[in-house]
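Here the structure comes first, spelled out in structure tokens, and everything after it is commentary.
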């Protein structure tokens, strides 16, 4: 008992250590972007037999996780993903957890990681998950709408460049019979047009007909959807109840595989950048 | 093709957005602590029928996750966990990912979260995991060994205080038949000694005999363990090979449920605080 | 000699301490504001017989210092001062000293402080400076033009409120014969209109006729000014040289005592907020 | 009046801009070092005819300013200066201005800069100060006593290296008749011993006999000094008053030109690194 009273008092004595926590509040009136990337995903993909150049199951699982993040956390207005990375954009006016960077980052990364294991079997069926994967994260602030659009454009341009390269590389290897290093050598310094030509002339592949999910990545935004729900109600003239259809509008996250570099997307979804406190 | 060349060049144009990433290098020569906490775990515990006041399965699962974190990431010398939280201590001299705070934090939180789902069934058997849980994280720097010890003491004192309270509270409710609010009222402002008396006099429970894992939480440290491995070797006098036992020493993470507030633990494990670059 | 070689080598050994310097780069694409305030200026003003409620000499000296800061340092587009404070705004695109906050802050504060002593006698004549004064500084980032305008409006509204209060307070004391505490008591909780009434009815002072420098503070901005310079040139028809007047346009800092809360100022000086890299 | 009420209310409306101020609290339990350097002092020295290689007046003025900083601000336990730089060390436990980095830095730089102009004429007599000089500053945290000592050793080793070079360089130029670039060429890559030889063999100068202020820089620390004050007191047997000498101990900043790389200084002044809250 004496020891315990000692410990209770001790807690007060130790509590000074809380003063060592630094304030990491994000600057007001900036877009807060959290980007996460798979840790050692090259090796992870090999060990789990990911298909090359794109594994549809993996991409859909990533998007499933991102969707969970958007629905579980507050104030995310748009997310963009490609390959083993996803970016989440919290609105400028967000005051979620007092705008603390560590909260934004850790909640996103944590929810994404647990979802990845949780939903794995929905996408990979019999392919067992061999070990729990890791993702790293970072927080970046963008003061202006143009900065934010340029950030997202940067990631989508990166998707395009990598996917065109990978599509050509794996065509050379899988269909052309080249070794990995031969394919690498052949593509060294090649321009986009040259890769397109290889695909078209050697493998009869029109790159522009490749699936948009591979070429453009995935954008997640909130959409108003109309729902019809069957409901049984009881009225004086139907005391035993009768079925009616109730309509309501709900906000829901939906994925798109579209260009976000040009203006069209932003004009059609002008509410994303609007100052909606 | 034209569009693609445009996009390739565009990437360069957009790349300026990288300059917005802030440097979050941790101050040199400080202990780096990452602490994570379950998000909404009160609700999570109720929905998953956690036993009160302690659910052994949940505590062991938490420790399993922490162990994975220590083995997967670099430079963690000690971890301490209790309830739905865990603290990880990176050594002072760590230069893992150039000491970037976001890397320390996101890797810990991510690996822990994915492990929680991955290992869930090993501890909860038939009790299904209903949804992927979240954890939040923070990074704290401690310049001196005394500061670090005081931090860990603070968490263990917190464990003690909460567990004594919870043990008494649930005894009053589960065995004493009080309602939650009656038990709360009865314990309001009570000293440690009074709670001990309630446990002993009313429920014949000697608090000091409660399991140490509940009273002290869990410390994870690296231990040298001797392993014996059977190996077949070929020698001149045994050309067909013979079995020998090879002994080697390996470092392994082991859990302890001991006092870390007093000096004894730190004297017995003086290598933890030693400057081992 | 041996000792010296030892020391030279030692320098390399000690140089690791540079790694402890933290990066304090200001977020890109934000206005960088440095505000400084006089340290203990209430006491400083008393010891140097500052006139109440406003000492014209002190205000003009402050503005002289601010002008030196703008001319000596780079990228300051506007400054605003009142009482013992001055704010300096570096343009969004400034990359002066790689946007390091400590550089912005220390250069402004240092140049201002040394100028204050240097130019003192030009404004205070026989009134000797008794000791070197101090100023403290801070750096604040504003992402949008509206944020910046609101910051400057905040300072000018502060100027108005304080000056109306001080003008009334000192009228009550100097002309009305009240003690300091009586005047304080009388003004407690009074609205702006009530202070105006006191000034007008009791002291025949129309506040709106008070000098604009007192009521609005001082704005410093860059102005193009035309200069005419006498120059002697030699031409074929005037081999002995002749005097001509050469005109040129030069940028110069000029002070204004005008409203910067409304739109008029910003429309007339639209170049200040324009993105002029 | 209407406009003024509007402005008063407006202030509240604008006050949100305060939320943009970032918290820059220094980590607890670390030494806080502020170092300042003269801005463009090479040019400043030339324009003010500083003597080469060392101008005693300038060095003494720098120390006079540093002394003022130590006496005016709180919690500085030691300062070290050489050439146009000075470092100030705030004690680990300092809570001055809540340990805000901007306060530490701006107060030091400001007080130093105003003092430089204020005390200029005491050291430079007829040599007029042509314009107000600038100094830049930075804040660095050191967790351990060893780190702090290594920082100060780094600065003193830098003093030694530069002074030996400059002494030899200017001997070659002023006495040896070499041009600046010839002297530079001759010293390129030379070791400490070679510079000592040049001084001794060519100019009959024993470097170790050069003034210690030049070779070691200046350390400022607090010293207890005994003071005797004449005081007139009135006693029953001396109703008309009598003179007595009252002794008291006072803390005062004193300069030293000694080695601070070795242990001797720190053993003799062990109170500097002691944890004296």
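Here the chain labels run A, B, C and D in written order, and each chain numbers its own residues starting at 1.
We adopt the following convention: contacts are C-beta pairs under 8 Å (C-beta built on N, C-alpha and C of every residue); 3 or more make two chains touch, one makes a residue touch a chain.
Small disclaimer: the values here were computed from a predicted structure and weren't measured.
Novice: B-D versus A-D: which has more C-beta pairs touching?
Specialist: B-D
Novice: Over half of the residue-numbered contact pairs in common: that is the test. Which of B-C, A-C or A-B passes it against C-D?
Specialist: The C-D interface is reproduced by A-B.
Novice: Distance-wise, how many Å sit between the C-alpha centres of chain A and chain B, to the nearest whole number?
Specialist: That gives a centre separation of 27 Å.
Novice: In whole angstrom, what separates the CA-based centres of chain B and chain D?
Specialist: From the centre of chain B to the centre of chain D is 47 Å.
Novice: Indicate the whole-number Å distance between the mean C-alpha point of chain A and the mean C-alpha point of chain D.
Specialist: Whole-Å distance between the two chain centres: 53.
Novice: What are the residue numbers in chain D that touch two or more other chains?
Specialist: 20, 22, 27-29, 141-142, 147
Novice: Touching residues of chain B toward chain D in the complex: what are they?
Specialist: Residues of chain B touching chain D: 27-30, 141-144, 147.
Novice: Spell out the part of chain A that touches chain B in their complex, as residue ranges.
Specialist: Touching chain B from chain A are residues 1, 4-5, 7-8, 10-11, 14-18, 20-22, 36, 39, 68, 72, 102-103, 105-107, 109-119, 129, 131-142, 147, 150-151, 153-154, 157-158, 160-161, 164, 191-193, 196, 207, 261.
Novice: Over in the complex, which chain D residues touch chain A? Could you list them?
Specialist: 19-20, 22-23, 25, 27-29
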